[in-house]
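Got a structure here, written out as structure tokens. Questions coming.
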Amino acid sequence: MNLRNDLPGLKLKNPVMPASGCFSFGKEYASFYDLDKLGAVVLKAATGESRFGNDTPRVAETASGMLNAIGLQNPGVDAIIENELPFLEDFQTPKIANIAGSTVEEYEEVAEKISPHVSAIELNISCPNVKEGGIQFGTDPDLAREVVKAVKHKSRVPVYVKLSPNTSDIKGMAVACEKAGADGLSMINTLTGMQILKDKRKPLLANKTGGLSGPAIKPVAIRMIYEVYPHVSIPIIGMGGIESAEDVLEFLLAGAQAIAVGTANFRNPFVMPEIIENLPHVLESYGFSSVEQAIGGAHDETNASPLYSS
Amino acid sequence: MRLLDVEVIENTRIAASTYEMTVDSRGELAIQKPGQFVHVLVDPPHYLRRPLSIASWTKTTLTFVYKTFGSGTKTLVNKLPGDRINLLGPLGNGFPMPEEERIVLIGGGVGVPPMKGLAQELTRRGKRVSAVLGFRSADDVFYEEELNAYADVTIVTEDGSYGKPGLVTEWVDAGAEVFYACGPNPMLKAVRDAFPIPGFISMEERMGCAIGACFACTMKTFDGGYVNVCKDGPVFPKDKVVLP
Amino acid sequence: MNLRNDLPGLKLKNPVMPASGCFSFGKEYASFYDLDKLGAVVLKAATGESRFGNDTPRVAETASGMLNAIGLQNPGVDAIIENELPFLEDFQTPKIANIAGSTVEEYEEVAEKISPHVSAIELNISCPNVKEGGIQFGTDPDLAREVVKAVKHKSRVPVYVKLSPNTSDIKGMAVACEKAGADGLSMINTLTGMQILKDKRKPLLANKTGGLSGPAIKPVAIRMIYEVYPHVSIPIIGMGGIESAEDVLEFLLAGAQAIAVGTANFRNPFVMPEIIENLPHVLESYGFSSVEQAIGGAHDETNASPLYSS
Amino acid sequence: MRLLDVEVIENTRIAASTYEMTVDSRGELAIQKPGQFVHVLVDPPHYLRRPLSIASWTKTTLTFVYKTFGSGTKTLVNKLPGDRINLLGPLGNGFPMPEEERIVLIGGGVGVPPMKGLAQELTRRGKRVSAVLGFRSADDVFYEEELNAYADVTIVTEDGSYGKPGLVTEWVDAGAEVFYACGPNPMLKAVRDAFPIPGFISMEERMGCAIGACFACTMKTFDGGYVNVCKDGPVFPKDKVVLP
């Protein structure tokens, strides 16, 4: 069974990678299994300076999911390059750096510094733009276009834009990012949610709101990928509630070319190697002889991409 | 650290909405120290695991105590001997062993369980151990006898309905050279402020991964850095972490 | 324990009502309990002409939720007035008509015809505007403002606007609707989602996409209500995954003044009377002596509404 | 129609991924007709109930058969005698009793269970009953003996691995005056087209409420109207509903 799949900058031996922020910089999960089993490794978000992030509580549990408000805690791009990346040099699997910022300039700085050390960049645009009164880059097509253009200009490697689902027009955002030069898309980031403590009469998370992830959001992720797929010619890395090889196939059929697993790692630290092991059997049982064959399979021939018709 | 499906040996109520569960670890959990914990899977639709301190262990068994604060731990209550549960562990650093001879253990509520394993180990090492265990009320008291086997135990209840009244800090052995505390943050703060002697505190924080990968449980340290309670802790020297 | 609470046009003996579309026109649930136990009855969406709706399958199950694509099936406003409303005349509890349309004119027609027969109108703006190329009234503030103004003009009773969560700016939508004359808001409608059948290689729902409801979306509903509450002075009817009296309290604390229960009725047809029975005990156990006391309780004094400070 | 927590009396595998469950209805379910169904709660995170036909019943028990197509019904498999499940029912109209004397029952796969209760009732009324039961393969066959007690049974398997080979339509009693069919839509279509005699078909559709309130299970009728399978059905005269 052929699980291989080539995306811009990424020769994937299989389509399974961790979702940014759920895997830190790899060390912890390396004590459970060989990271080279993974299609790629996606790093925690990097910013220009070190950030402590939000106060705790930073996570809450919800029905079939969770809320998180970590607040992009990270040691800053320089420290990441110096202290975190060396550990990953022993592994052959491609590395993807997730980058974040509060200004276009910060995104540019991080992209310029980290891109020489990784195979691709995942541009997290679900961040408030401080210069624009805090509206998220990811919810305004013009801001998105601007930051994508800028980062493309500075990056030495392909740039995947990670889209926020908190929008009424995911297709418009996707097309805007492709026009601005994105080499690929990552979908979806978390839905903004909240949980309230009835005894304390206040939001549970110190940050009040947090990002909803896990199986609860899978139907939204599938819908958005299915909606975007026919309108872009760049590949989509799909994520949102994936727990099993069956879930992976559902994402491939919707139009994802590779997938990421986030929250499920917290339930089962071995979930990714297990998915990779089961995937050939699952693909076969549904009549597929390769990952590539399944991509976009749920679309009518009419609006299917070359990938599928081929 | 292992991910294991283990068989429930015993699961019994020991105090108000408080249960003690013993599972068959098949000798596959290499527990190094008292104060480590396990991350326990509960039934759907609950999604996250529940961090629970290892109260005591043998080569082939593991015992923890859980209080049903919310709906997730409630799904553990109806597990019968023979049923299986899934746990990840042992996790965290656990309590360091002291040079000192005269030790006081201070536990509050669900901070009491790890004190059992700790008292056991300290006694094994011939230390002189006293323990002050605080509970809300008489119905909440547990592990008095269990601890008595290894320490000179004082039970304290907030409402005075059992043992001594008031706060744990009021009943600590004045001659103790080092303290080990586990309980709610207000208690930890009070203990830290009350006793000039060296001490170690075991902390609680909401967790995602429990292995240091998600940064859910991060706390600021007094030296301007940070620690992840799940991996760098849960036990810290008393002056290391800024308590929220 | 005082569960009473007055909203424009609605004297509620308790804050619990069914969510539109999950209760048809009341007959079926009347065989389980006396509808007068409910704070109000909310009717299935009414359109100008009768609609058959979408082909089946119309529902799919998701983790802690479900997808639905009923397609606004209803006999049309005239038939509803003639054949469905008479049954409800025997009940004293207020009736709320949920109205939908594909054009502003259709909304106006339905509002004008049905408003004399009900206590309030719930304006479902999560419908595609055929004249505007199918973009939803509920995702464009200008279209929303237009339809709200028009319906307010025709309606003899207060108008509650039901907001779609498929937007990046729920606050903007809410404020736009209030400015346009809305007497209240209903939040939230369903999130658009999809499920794909791996064996059939196509979306499960005949309509492809459907609306996600149930506990899975509760964190999004709580967040949106909490976000909107400080910025409007009109009441909010909260909904999204409510299953228990504890959930009701969480919605009240977020800022809802009344709540609706939808999907949970399918799991337990008695869920609403059970919630109403438990609510006093739950409010009391958390230190409240009335529903009103709890409303907005999770907000800082600083941005709390008069309702809460009072 | 009642909502009941009932105790499981028996839950046994009767064919490939097919199980028969009998529960104690405490005489509180007033089942009127064969062909009615119950809406069964399965474990979280599954949210919707599962509609399952009543296969047979007594004053105090109810029996249904479920095949584990997906993960929801799988949560029923590990229910043991004494465990409780929650069900809503009886729901739907059930099969009307015929004037005619010579009746053929046609069941396919999970459409077979309601045929048991129907055959029982028809025999009680002295009708002459034959039954053709279609399955994919030998491993899938169930209820042959059970039906034999009330009808002249022919088993048909698609792959010919048991009983007669091919399709149910090829083995129907030519002299039958009326048919009752339950099974996959393609089978129902074939049956309807094959036999000019009067007939009744029991339909399947995905459901939400199962009481007529959510319009999940709505089907177009040939007269231009619509029906809700859960409330107006699941049984309809053969020419009533437009099969998808």
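Worth a mention:
In this document, chain identifiers A, B, C and D correspond to the written order of the chains, with residue numbering beginning at 1 in each.
The criterion applied here is as follows: a residue touches a chain if its C-beta (ideal position, glycine included) is under 8 Å from a C-beta of that chain, and two chains touch if they have at least 3 such contacts.
Since we're looking at a predicted model, the values are computed, not measured.
Listing every chain that touches subunit A and subunit B alike gives C, D. Averaging C-alpha coordinates per chain places the centre of subunit C 36 Å away from that of subunit D. Distance between subunit B and subunit C, defined via averaged C-alpha coordinates, is recorded as 46 Å. Distance from the subunit B centre to the subunit D centre is 54 Å, each centre being the mean of its Cα atoms. Chain contacts: subunit C has residues 62-65, 214-215 touching two or more partner chains. In subunit D, the residues that touch at least two other chains are 44-45. If you sketch which chains touch which, every chain touches every other chain without exception.
Taken in their complex, subunit B has these residues touching subunit C: 45. On the subunit C side of its complex with subunit A, the touching residues are 62-65, 67, 136, 139, 164, 166-169, 191-196, 198-199, 201-203, 208-210, 212, 214-220, 222-223, 226-227, 241, 246, 249-250, 253-254, 286, 297-298. Against subunit D, the residues of subunit A that register as touching in their complex are 63-64, 215.
Looking at the complex, you find that subunit B touches subunit D at residues 43-45.
The touching residues of subunit A, counted against subunit B in their complex, run 21-24, 27-29, 31-32, 44, 52-53, 55-66, 68, 70, 73, 214-215, 263, 265-270.
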